[in-house]
Each structure stands twice: as C-alpha cells, then as structure tokens.
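Down below are the structures I want you to see.
Next come two complexes built around chain A: one with chain B, the other with chain C.
This part shows the complex of A and B:
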C-alpha cells in the first residue's frame, strides 16, 4: 500500500494535469488548429473559476469576503454554468476580434483585455473580493465519501473523465470536415474565405468551444483548490499554456499532452523539491526566466514541437495521406 | 469639478511626455523591422533600474543618470534585436511566433531583474523641488524638466528622421527593406540605429515614469504596456508622428478620466480606445490610404 502522503501527492498531480489539459485542449483548438493567438485565454478560465465559486459559496455573509452574488447549487450545475460562462465571455472576445483583425492584432487586443480584466478584478473588491480572491469554495460531492484520501481519488476520476471527454470532443472536431475548414482558416484566412468559408463564424465557433473548455477547467481547479484569485488567471498562465503547447507540438492532441506534462506540470513539480535558496520569491522569478528561455529555445530549435502535427493531404480519390512533420509553423 | 479637470491637464502633460517617448520608440521598432515588441516595457524597466543603481549607490544626480539609462536601454534593444529577434525572423518564425518570442523575452528580462534586485519598492533620490502654480496647474520643477527633456528628445528624433541621411535611410527601410538594401542602404546598420534610438527613448521614458511616482517596482512599467499599445495603434502602427499625436490624446484624456473616476479606469479607457480604433479605423489617426488594410483581416 502506498503511504497516504504519496497518494495525496500523486492524486494532486493527476488532477492538476487533467484540469490543465482540459484548458490546453481548448486553447489548442483555437491556436493550434484554427490559428487564433488567444493571449486572452486566461479570461474564460478566470470567469469559469469565479462562476463555480459564486454558485457554490452561497449568499455573501459576514466581513470575511465580499462578492456581489452567491448561490448554493448542487454538482454538476456549477461546472456546467462555468463552461457556459466561459463560452459566453470567450464569444464576447471573439466578437471583438474574429474576422475583423489580422492575427497579430487579435493577439494584442486579447492580451490587453486579459491584463485589464485582471487589474479591474483586483481593484474592484466588491465583485469577487479583489486581489485576495475567494476562499472556502466548497468541493463537489464532498459528502459522498468519508475519507479525504478517497475524495482525492474521486476527484481524480472526475478530472480524468472530463479531460477525456474534452479530448474526444476536440478530436472529433479536428478530424471532421469542420476541422479541415478550421485548418484552412489557420493556414490562410484569405484562401479559406475565397473558398466560401465564413472565417469570422469559424473563429467565433472555436472561441466559444475553447472558452467552454477554459471555463470548465477554471471551475474544476477552483473547486479542487477551494480558492480562486486573480493570480490563478494571469496573462502568465496563458503564456505557460502556450509554451507547453508549442513545446509539445501545436495542432495535435498528443503533442499538447506531452507539452503540458512537461511545462506547467513537470517543470513546476521538478523545481518544487529544490532546496529553498535565497530570499522568498527568488526561485519563482528564476522559474519564469527558465520558462521564457525555454519558449525561445523551442521557437529557435524546434518550432513544430516534440510531436509535430501530421499533415494530411487528400488525393483526388478522396483518400487521405498522412505526412509526419510540416513546415516550421509556430 | 472643473478645477479638478483643469488640474488634471498638468498631470496629463507628464503622462503625455512619458507616453510619447515610449510610443515613438515602440512604433519606430515596428516600422523598421515589423516586430511588435512586447518586451519594450521591460527594457524601460531595465533603464529605470540602471538610473536607480547610479542614483542610489553612486550618488549621481538623477539628471546625470538619464544619458546612461538611455544608452543602456538602447544597447539592450540592439542586442535583443540582433541576437534573438532577427535570427528568429530569418529562421522563418511566423508573426505569432515572434509575438510569443517577445513575450518570452519580456518574462526573462523582468524576472531576471527581479531575481537580482529582489521584490520590493524603490525610489529615486530626487533633487528638491520648487512648486509652480499657474493657470490652475500645480507642477514641480522636476516635472517641468522631464517634460522639457522629453520635448528635446522627440525634437531630436524629428530632426534625425526628416533632416538627416540616416533618417531618410530609416524611412526607406521602413517602406521597403528589400528595395532599400538593393539601393545600397546598409539596412542592418540602419535597423541597429533605429533600435538604439527607440531603446534610448524607452529608457528616458522609463526613468521619467519612475521619477513621476513616489515609488516603483519591477512591474511598474509593465503596467504601462497596454496604454503604449493603445497609443501606438491609435497613431497608426509604425507611424512616428501618429504615435506622437496619439500620446497627446491618450495622455490628456486618461488623466482626466483618472481624476474624475478612479485610476483603474485609465487602463479601461486605453483598452476601449485600442478596440475602438481597430474596429472603426484600423489605420489610426494618420491619413494613409494603404496603411489600415494590413491590420484588418482578409
């Protein structure tokens, strides 16, 4: 029998990996498949976390934390609501950028939205308790099992199931005719438009689907950690997702799974066991330096990632032919 | 109410001088290399901390540190461009890849500095001030000197761009790099000079920004990035004079908003301007028929 402390640790790792993967699949659908450089992806993640928190905390009471609204809804309603809110917010961002702006300007607008949304939430304390964030968020199905170890494994099951479901949805989309249209939008919006594809609508669609995945991931993270604050959805969070995705290989699920295992999860866990050197905050600062350097290295050495996306070409007969490796797109 | 608004013009002018330096620098980098440099604010920070180092440990007057800070920022910009951004571009890195690269650089510079100076708040040892009151404005002598320095720096840029061969070469590289090279313009040298100048401007902006606040930390200048982006877009990306005009508009209006509502609405205003301009008039306020089309999607 594995000691309890280790069980806790392993369960935590699996849950964090699974919930991160949910969001990463959503982001990969937007970036890797459709070519939207969504620097604002942390916004639906953040909204999802707050939605789940507000729908489980109950009405605001006492001076401990202030928020404008609260309900006590049973599982799984908060998660569904979080996915819906994530999709809605992401759709709103999509309406600003989709089809109107060239990709790099889309990225800049989304980046600006992300930065300012964080700052507003930090300053306007009455909405969701400002920079301190919401704490004591109830966990789903907590009364279902007695021991906390059993609950850990229950959450592992939930997280892995939802991650698998997200993978399935994204996988089906990217293999369907819709996926081919999305890749066409990514590779050349002009050509896609000339062939009669509605670029704006396709971009809006993946903004909504990706946003739902982000919202769900935020909700599951918030309820697992029982807290949610602006630090949980900084622009930096989006950046680590991007680093993981391009390291693994944008545009394919295996690449994303590998990249996410390496960067947000593996890297953080590997450095967790370092002796605490220097002043508080030194290790964290150095971690960001290394992550930034890693992103540059990937762009420099292997822009297609560890597991490059397979290129599919269609013969006149309709038969698909797969090629490993593609031109260095990043 | 009216008094607050009038008094905010003075603060607005301080913001205008910082913002115009930074936005002209940012837009100049884009015009000669096509790179939207998200690490620009962090180069400003490095310059501001160079000035802090000279000011705090060597006891140099803040005015004497400005040229050093400018040169350091200029050199860092040239090195970043030459050693990292240009090679990446030559390797065929896409526009998205370049944005991720500059964001990564920004993280490296910011956290590298943070690891060295440690988290905390810093301030300059500023010379004693005389307070001037005129036309409903309250400004200190230091603030007036910074405005004068900004005006001087921008005037120099104007003269370089319009009156010198170098400026002509820069405009040629901006308009068509291949044609410029084919015409015998040493485009690498021209690009280096342009990045040095823009880094220099950013450096002065960094010192001016930090000096305008009671205290600063390693992320202070990063907070200005969205406002810089909004200014550059309003001015028409790559247009130096547009950026200048946009800095006046955004600097003054944002201080008025901050005075009337709360400081955080300044950033919201910048965001709204950014979005509004891109949706309605993507070429910015410059009168340029061709410029805007590149911003819009197909």
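This part shows the complex of A and C:
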C-alpha cells in the first residue's frame, strides 16, 4: 500500500498535469494549429478561475475577503460557466486582433492585454479581492466522499476525464477539414484568404474554443487548490505553456502531452528535490532562467519539437484512405 | 445599371474602372480601366514596377484601391475582402508561389476542393467518416496531380517542393476550384520547360470551357502562344491593349522599351 502522503503527492501531480494539459490543448489549437501567438492566454484561465470561485463561494460575508457577488451553484455549473466566460473573454481578445493585425503584432497586443488584466485585478480590491485573491473556494462534489484521500482520487478521475474530453475535441478539430483550414491560416493567412477561407472567422473560432479550455482549466485549478489569485495566471504561466508546447511539438496533441509533462510539471517538480543552495528562492528563480534557455535551445536545435506534427497521407488506390502518414521531408 | 452597362457586363466578366493606388508618394496604379472578355486569356505585360501585381492584388481584394471600381459581371467587388471575392469565383496565384509549406501537396490541393460547409466544428466532431465524405474530390485531385507531374509528391510537405513544383501545385489547385476568373501572377516562372506546353494547353482548354484567365507574364513566347489579348502596363498606366504583335508595335510601348 502506497503511504497516504505519497498518494496525495501523486494525485496532486496528476490533477495539476491534467488541468495544465486542458489549457495547453486549448493554447495549442490557437498557436500550434492556427498560428495565433496568444500571449494573453492567461486571461481566460484567470477569468475561469474567478468565475468558478464567485459561483461557489456564496454571498460575500465582508470579513476577510471582498468580492463583487457570490452564488452557490452546484457542480458542474461553475465549470460550464467558467468555460463559457473563458470563451467570451477570449473572443473579445480575438475581436481586437483577428483579421486586423499580423502575427507578431497580435502577440504584442495580447501580451499587453494580459499584463493590463493582471494589474487591474491586483489594484481593484472590490471585485475579486485584489492581489490577495479569493480563498476558501469550495471543492466540487466534496460531500460525496468522506476521506480526503478518496476525494483526491475522485478529483483525479474528474480531471483526467475532462482532459480526455478536451483532447478528443481538439484532436478531431485539428485532424478534420476544419483543422486543415486552420493550419492553412497558420502557414499563410493571405493565401488562405485567396482560397476563400474567412481568416478572421477561423481565428475567432479557435480563440473561443481555446478560451473555453483555458476557462475550464482555471476553474478546475481554483477549485482544486481552493483559492485563486493573480499569481495563478501571471504572464509567466503563458510562457511556461508555450515552452512545453514548443518542446513537445506544436500542432500535435501527443507532443503537447509530452512537453507539458516535461516542463510545467516534470521540470518544476524535479527541481523541488534539489538541495537548497544560495539564498532562499534562488532555485525557484533559476527555474525560470532554465525554462527560458530550454525554449531557446529547442527553437534553435529542434524547432519541430520532440514529437513533430505529421502530415496526413492519402493513397491513390480506390477510395481515399485517411490516415496519419509519413512526416515528409522537412 | 444602364442598358449599355448591362450589355457590357454580359460581354465582360471582369472590369476595372479608373483604379488608382499609391504607396506614400509613389503612384503604383494610375487610372487603370480594363474590360476582360468572358472565356478569354488576357496577358498583362510590362517592365518591373509597372503596377501589374498591384492591380492583380486590387482585383483579388488583397489590396484596396484608393479610387476606382472593380466589377465581377454585374457585381461591384471593390469593397469586398479577399475571401468573399474568392468565393464569388475569382481565384488568384501569387508571384511567390502561394502554398502552405507544412501541409502536404495533397492537403494543399484539398483546401481548394473541400466545401466551406464541411470545414465546421460539427463535421470535425463527427469523425473520419464525415471527413472522408467532405473529401470526395480527392480522386479528382489525384488525377490532376498526375497530369501536373506531382502525384509522386502528393504526401510530401509542400515546403520541400522546388520553386517550379510549387507553382504547379498552386496552378493545379486553382484549376481544381473551377473558378470563373483565374488571376495568375507569372505562372510559368520556374516551371520545367518540358511541362510548359502541356500547361498552356490546359489553360486553353479551361478557357474554351468558359473560364477566364488573366495572367501576368514576362515570357513573351508564352504570352503569344496562349493569350487572346494583351495589356501593356508601364509606370502604373495601361499603355496599349490588343494582340501581342499590335501591342509590341504600339509607339507608346516602343517608347517605354527604349527608356522614354
């Protein structure tokens, strides 16, 4: 029998991996498949977390935390609402950039929006308790299970199921004719438009779908950790996701799963076990340096990532056979 | 629309009226008025910087005219975005071959044949069977790739093709889309000379079948071979129109050719 402390640790790792993966699948649809360099991806994650918190905390008591309003909605309504809010906010970001700005300018605008959003939440105490964030966020289905370890495994089941569902949706979209149109937009928006593809509409579509995944991920994280604050969705979070996606292989669900296991989860957990050196916090600070260096190295040495995106092969015999084929020379 | 204009629209599938476009102080296109006959092959020739590609971009909606109008049959398409113009049946190729480098050759072609209604989340979630239904044009795509000498490269990434092969791919995709008007920007540049006669024959056949072709081309032999009429542009203006020999004999063209 695995000791309970280890069970907690393993369950926590699986939940964090699953919820990170949900967001990463959404971001991969936007960046890896469609080519939108969405440096504002933390915004729908943040909105999702706050939505779930506000919809479960109940009316504000006015003691140790202040917030705009609170409800006590049953599971899974807060998660669904968080996904919807994530999609809406992401769609709003999309309207700012889609079809108006080229890729690099889109990235700069979205990055600026992300920084502004974090700062606004930090300074505005009345809406979601400012920089201190919201605490005591109730966990879903908590009353169904007595022991806390059993609840950990219940949450593992929920998180894995939602991650699986997100994978299913995103995988199907990226492999279908729609995915081909999205990858065409990624490769060349001008040529895609010349073939009749409505580039702005396609970009808005993936902003909404990716935003829903981000919102859901934020909600699940907030309710698992029972708290949510601006630190949970800093710009750095977006960069960690990007590094994981690029390392694993952008545009490809398996690559994303590998990259996310390695960077936000594996790498950060591995460094946790290093002996303390230098002043307190040095190792944590160095983590970001190493993550940045890794991103640079991967882009330099293996830009397609560990598991590169593959092409779909067609056969000239009889009816067209659809399967994942050879990668092609590149 | 007046009766005369209606008559004109019936004869001419594509018209530009007094189109102007400047970049800063440089007037790239100055008052260009053209009328392209249905089912014809029209060549646009002229020195570099004549405004040929800018004009093509304006017709295709990739660039906005500062003034003037572009009509597809009776419909004014000047204000429309490029994807709307493409959906109306105006398909263009690019000066630097417009392919999607990370997609395979076959996927590049399929992007032209799969219906817009099949590029939806609903069809995506239905799974491979629905995707195959949406890709019913794949067998015709194979035939065309065979004719264009690209079948053996069908599953290779388009980014790995040579410059000439990319042009062929772009042309094959445009042909497969069966547009009303095909705008070609130097379609034969870099294409293997052994393939050129067959491609020109292909364009002639398509044109005889009702498609209108407008092509920018520097190779006068190609223009002479395939074009019914020629437009000579220089310094943003149309200097002469007519057959190749008429245009080349035109005094204004001679003046440009001799540096005046």
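Note that in this section the second predicted complex is superposed on the first by the 311 of 330 C-alpha atoms of A that agree within 3 Å, B and C clash if a C-alpha of one lies under 4 Å from a C-alpha of the other, contacts with A are read in each partner's own complex, and residues count from 1 in each chain.
By definition in this document, a residue touches a chain if its C-beta (ideal position, glycine included) is under 8 Å from a C-beta of that chain, and two chains touch if they have at least 3 such contacts.
If you're wondering where the values come from, they're calculated on a predicted model, not measured in any experiment.
Contacts of A:109 after superposition: chain B is touched, whereas chain C is not reached. Within the superposed three-chain arrangement, the count of touched residues of chain A is higher for B, of the candidates chain B and chain C. In the superposed model, A:148 lies in contact with neither chain B nor chain C. In the superposed pair of complexes, A:190 makes contact with chain B and with chain C alike. In the superposition on chain A, A:271 makes contact with neither chain B nor chain C. Of the two partner chains placed by superposition, only chain B is touched by A:299; chain C is not.
Contacts of A:173 after superposition on the shared chain: chain C is touched, whereas chain B is not. In the superposition on chain A, A:199 makes contact with both chain B and chain C.
In the superposition on chain A, contact is made by A:316 with chain C only, not with chain B. On chain A, the surface touched by chain B in one complex and the surface touched by chain C in the other have residues 190, 193, 199, 327-330 in common. Within the complex formed with chain A, the residues of chain C that make contact are 60, 62, 81-83, 86-87, 91-92, 94, 98-104, 106-107, 110-112, 114, 116, 118-121, 123-125, 127-128, 130-132, 134-135, 138-139, 142, 151, 154-157, 159-160, 173, 177. Contact residues on chain B toward chain A in their complex (touch as defined above): 36, 38, 84, 87-88, 91-97, 99-101, 103-108, 110-112, 114-115, 118-119, 223, 225-226, 229-230, 233, 262, 264, 267-268, 270-271, 274-275, 278-279, 282, 294-298. Only residues 31, 35, 37, 39, 96, 99-105, 107-109, 111-113, 115-116, 119-120, 123-124, 189-190, 193, 199-200, 236, 239, 242-243, 246, 279, 281-282, 285-289, 291-293, 295-296, 299-300, 303, 327-330 of chain A touch chain B when the two sit together in their complex. By the touch criterion given at the top, residues 169, 172-173, 175-181, 183-184, 186-188, 190-199, 205, 209, 251, 309, 311-314, 316, 319-320, 322, 325-330 of chain A touch chain C in their complex.
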